[in-house]
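To start, the structure itself, in structure tokens.
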Amino acid sequence: MLFQVEMTVDIPLDFDKAEAERIKAVEKAYSHELQRSGEWRHIWRVAGQYANLSIFDVASNERLHEILMGLPLYPFMTIKVTPLCRHPSSIRDDDR
Amino acid sequence: MLFQVEMTVDIPLDFDKAEAERIKAVEKAYSHELQRSGEWRHIWRVAGQYANLSIFDVASNERLHEILMGLPLYPFMTIKVTPLCRHPSSIRDDDR
Amino acid sequence: MLFQVEMTVDIPLDFDKAEAERIKAVEKAYSHELQRSGEWRHIWRVAGQYANLSIFDVASNERLHEILMGLPLYPFMTIKVTPLCRHPSSIRDDDR
Amino acid sequence: MLFQVEMTVDIPLDFDKAEAERIKAVEKAYSHELQRSGEWRHIWRVAGQYANLSIFDVASNERLHEILMGLPLYPFMTIKVTPLCRHPSSIRDDDR
Amino acid sequence: MLFQVEMTVDIPLDFDKAEAERIKAVEKAYSHELQRSGEWRHIWRVAGQYANLSIFDVASNERLHEILMGLPLYPFMTIKVTPLCRHPSSIRDDDR
Amino acid sequence: MLFQVEMTVDIPLDFDKAEAERIKAVEKAYSHELQRSGEWRHIWRVAGQYANLSIFDVASNERLHEILMGLPLYPFMTIKVTPLCRHPSSIRDDDR
Amino acid sequence: MLFQVEMTVDIPLDFDKAEAERIKAVEKAYSHELQRSGEWRHIWRVAGQYANLSIFDVASNERLHEILMGLPLYPFMTIKVTPLCRHPSSIRDDDR
Amino acid sequence: MLFQVEMTVDIPLDFDKAEAERIKAVEKAYSHELQRSGEWRHIWRVAGQYANLSIFDVASNERLHEILMGLPLYPFMTIKVTPLCRHPSSIRDDDR
Amino acid sequence: MLFQVEMTVDIPLDFDKAEAERIKAVEKAYSHELQRSGEWRHIWRVAGQYANLSIFDVASNERLHEILMGLPLYPFMTIKVTPLCRHPSSIRDDDR
Amino acid sequence: MLFQVEMTVDIPLDFDKAEAERIKAVEKAYSHELQRSGEWRHIWRVAGQYANLSIFDVASNERLHEILMGLPLYPFMTIKVTPLCRHPSSIRDDDR
């Protein structure tokens, strides 16, 4: 099942820089693994913002929740979830 | 260049049903052509809404504007445009 | 999978009264059938509003979309969809 | 009487982790007791958010207030209360 | 139980004037009866608006819903309901 | 003259508990005095919120401002003021 | 007592032009009379909008309500009322 | 040229009290001077808020900006600027 | 003096097409004249919207108001006005 | 390609003053260089706000993102990006 997730990251100014970089690196690895598994289908950067638009393809709401709560940067995030379906006009076979 | 476009359609209750169906058919053909050209990369339905989330891959803002203004259903639409970039964590070669 | 759906109904003042009653009756039958199937698990009235809060238990986003688009009163509705999961503190076995 | 309550929890980044876990454990026990009593009828997790949607079945507004103010996590919560009624289309006897 | 209800009335410009006056008169009688019964405890006019702030004292959410849906002007109203309780600092015996 | 005032209180988590209780006690006494004088006509608790809905009956905007600025909890408050008038449908003599 | 009132006028496109001009003329005379009486102390045009910012100096909320409801253009208006007081830093004697 | 400026002041709870009073005194003198010059034509207190509504009469946008940025309390302010013009219905010669 | 003006145009579906085209042509001529005079310094199209972002360079708020109220499409517009100044970092001599 | 970017700066009260000035100086140099390159076409100050309205002329969304993320004051900014196109009514050759 498809979900769009908008993630806006806001790391406090006085947060430890090294620790922030460490968390970002763990986040990147976490994302890569999920992209390879196919659950994290797309991730784009929103121009001008420390935010991304992602498309997830997961088995259930629970799995989506599990993935999002597992994001290392989750504590710094504002998240908006939009459930999606295949569009009747889509010509792409694999866009579910 | 990538843009996310949210299109919410609101056809007045008293709008002529046959004409609405005609416009929708033209819209579908219009969308298929742009999907085949690759400019309309993704289109998903928002669950529970007469709305879609689309990803466009176009040469310029002008081209995006031209496409959107050319939508047969444009007069019935509320549109939100978000410029996107390739995300540094994306592992997909073709996600621009 | 669980979804909360908030449905607010706004029937224009000048809409034909008899036709409105007819649609409402069809809506009620439609809802009863889905409640009996278990997909429409709960429906409550929002006090003071022509609106309801419902909990759906469906197999997929697509099924939810299909159900909502099939609502006879859909053209008069503003809909908000919130994907839910089982809560770790829930003691009810059947609250998914 | 039925109320929907949306509880969004926001624990500051620099809040003591151990103390937060302690409070969460007390909250869970508090919730279990009220669920067993039937006053806290449903609790679902909002996918992607540290938030829940709950349905309370209480004798009065006062009792609802008392329960919510007694939530150990209350100081970290943003709360939205919606009074509900039985829906005329509900086929469930026990949905009040 | 106490509820604050904000009622904002918006009668379309082209609505039949005589019919509007008729409905307003029925509304006034309806309100008087409920005020005499004590269920409609207070009604104040919002300065500069065709709106009122009312305090209802009713047995249940259902009764509140029944009263509000029964308002002759309901079809022209936007309504906001806020559940209230007795305040611990209130010195008035009869403010529930 | 009548005003509705909505007061939402937000005391920071790390604010000294004892000092907060002291201020609340002074606030209660302050409120009682104004209720006895008749200027603070009604105070109700908003169910589920650390907020109240109050009705003030004061000689002028200045007096209202003076009262509100004098609230011991004022520094922790978000305040919304709505000027009211007697409603033409009110049957209560003393609702101004 | 002082009030700021923001009045935004929205006359439907298909409203009879002659009748609109007639109402505007009556509005202007109505405003002049109240300005001469001193109750309508200031009226400024908001640049780029069919709206004005006015300062009223009236004896009570009731009087303000009476004036605003008496505006010939009232049915076309969205109104926002803000109660004001004399500012402690004001050096103008007559700014109340 | 006329501008309405809404200034809402929010001084953090833990800000040094003496320093706050010092800044307020400087602000008052600053305001008096501009009122005497005629640039700061009106200042009213918003009832119930630590905010004011002011009318400025300045030569240009630059001058307005210079004045506002020079406000000693500027760092604690949320400011909204609305450009005004003389209203065609104004009977006051000096309301520009 | 510089102002940014955002103009969003919304022509009703059932508005006479020929008349709309006529008004648009008059609007274009009106805009060209003001661009040649230098008062309408910039006009850009907002991608995906029937809206423009314009920069005006006018002698006063009154002149801005006069220009905007004179727009043939004004009755179909939602307008937002933001007063601007020269930026201290601007290296362009003619950006005022 | 043209983008409008609204940048609102909010430097915490307790941020080191000298460091803030240093960052502002670097920001000014950064802006000057981009203005000279033509990518940062316009920058205006919003009257009364620590904010600017800028027009960027860049090759792609990526380049815009790169520029904005490179702003020394970025961590203190709230940014809104609006993609623009040449307007069909523009008479300026160089307004793209």
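When the chains are written out, they are named A, B, C, D, E, F, G, H, I and J in that same order, and each has its own residue count from 1.
The rule is short, and it goes like this: a contact is a pair of C-beta atoms (placed from the backbone, for glycine too) under 8 Å apart; a residue touches a chain by one contact, two chains touch by 3 or more.
These figures come from a predicted structure and were not determined experimentally.
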item	value
Shortest contact path, subunit C to subunit I, counted in steps	2
Winner on C-beta contact pairs when A-J is weighed against G-H	G-H
Over-half contact-pair match to F-H, picked out of the listed pairs B-C, B-J or G-H	B-C
CA centroid of subunit B to CA centroid of subunit H, Å	46
Rounded Å distance, subunit D centre to subunit F centre (Cα mean)	28
Gap in Å, rounded to a whole number, between the CA centres of subunit I and subunit F	46
Touching two or more other chains - residues of subunit G	2, 45, 47-48, 61-62, 64-65, 81, 83-86
All touching chain pairs, where touch follows the definition stated at the start	A-B, A-C, A-D, A-J, B-C, B-I, B-J, C-D, C-E, D-E, D-F, E-F, E-G, F-G, F-H, G-H, G-I, H-I, H-J, I-J
Partner subunit C, residues of subunit B touching it in the complex	13, 45, 47-50
Touching residues (chain side subunit F, partner subunit H) in the complex	3, 5, 12, 15, 61-62, 64-65, 68-69, 75-76, 79, 81
In the complex, subunit G residues that touch subunit H	2, 4, 27-28, 31-32, 35-36, 42-48, 52-53, 55, 82-92, 95
Subunit I-facing residues of subunit H, complex	1-3, 60-62, 64-65, 81, 83-86
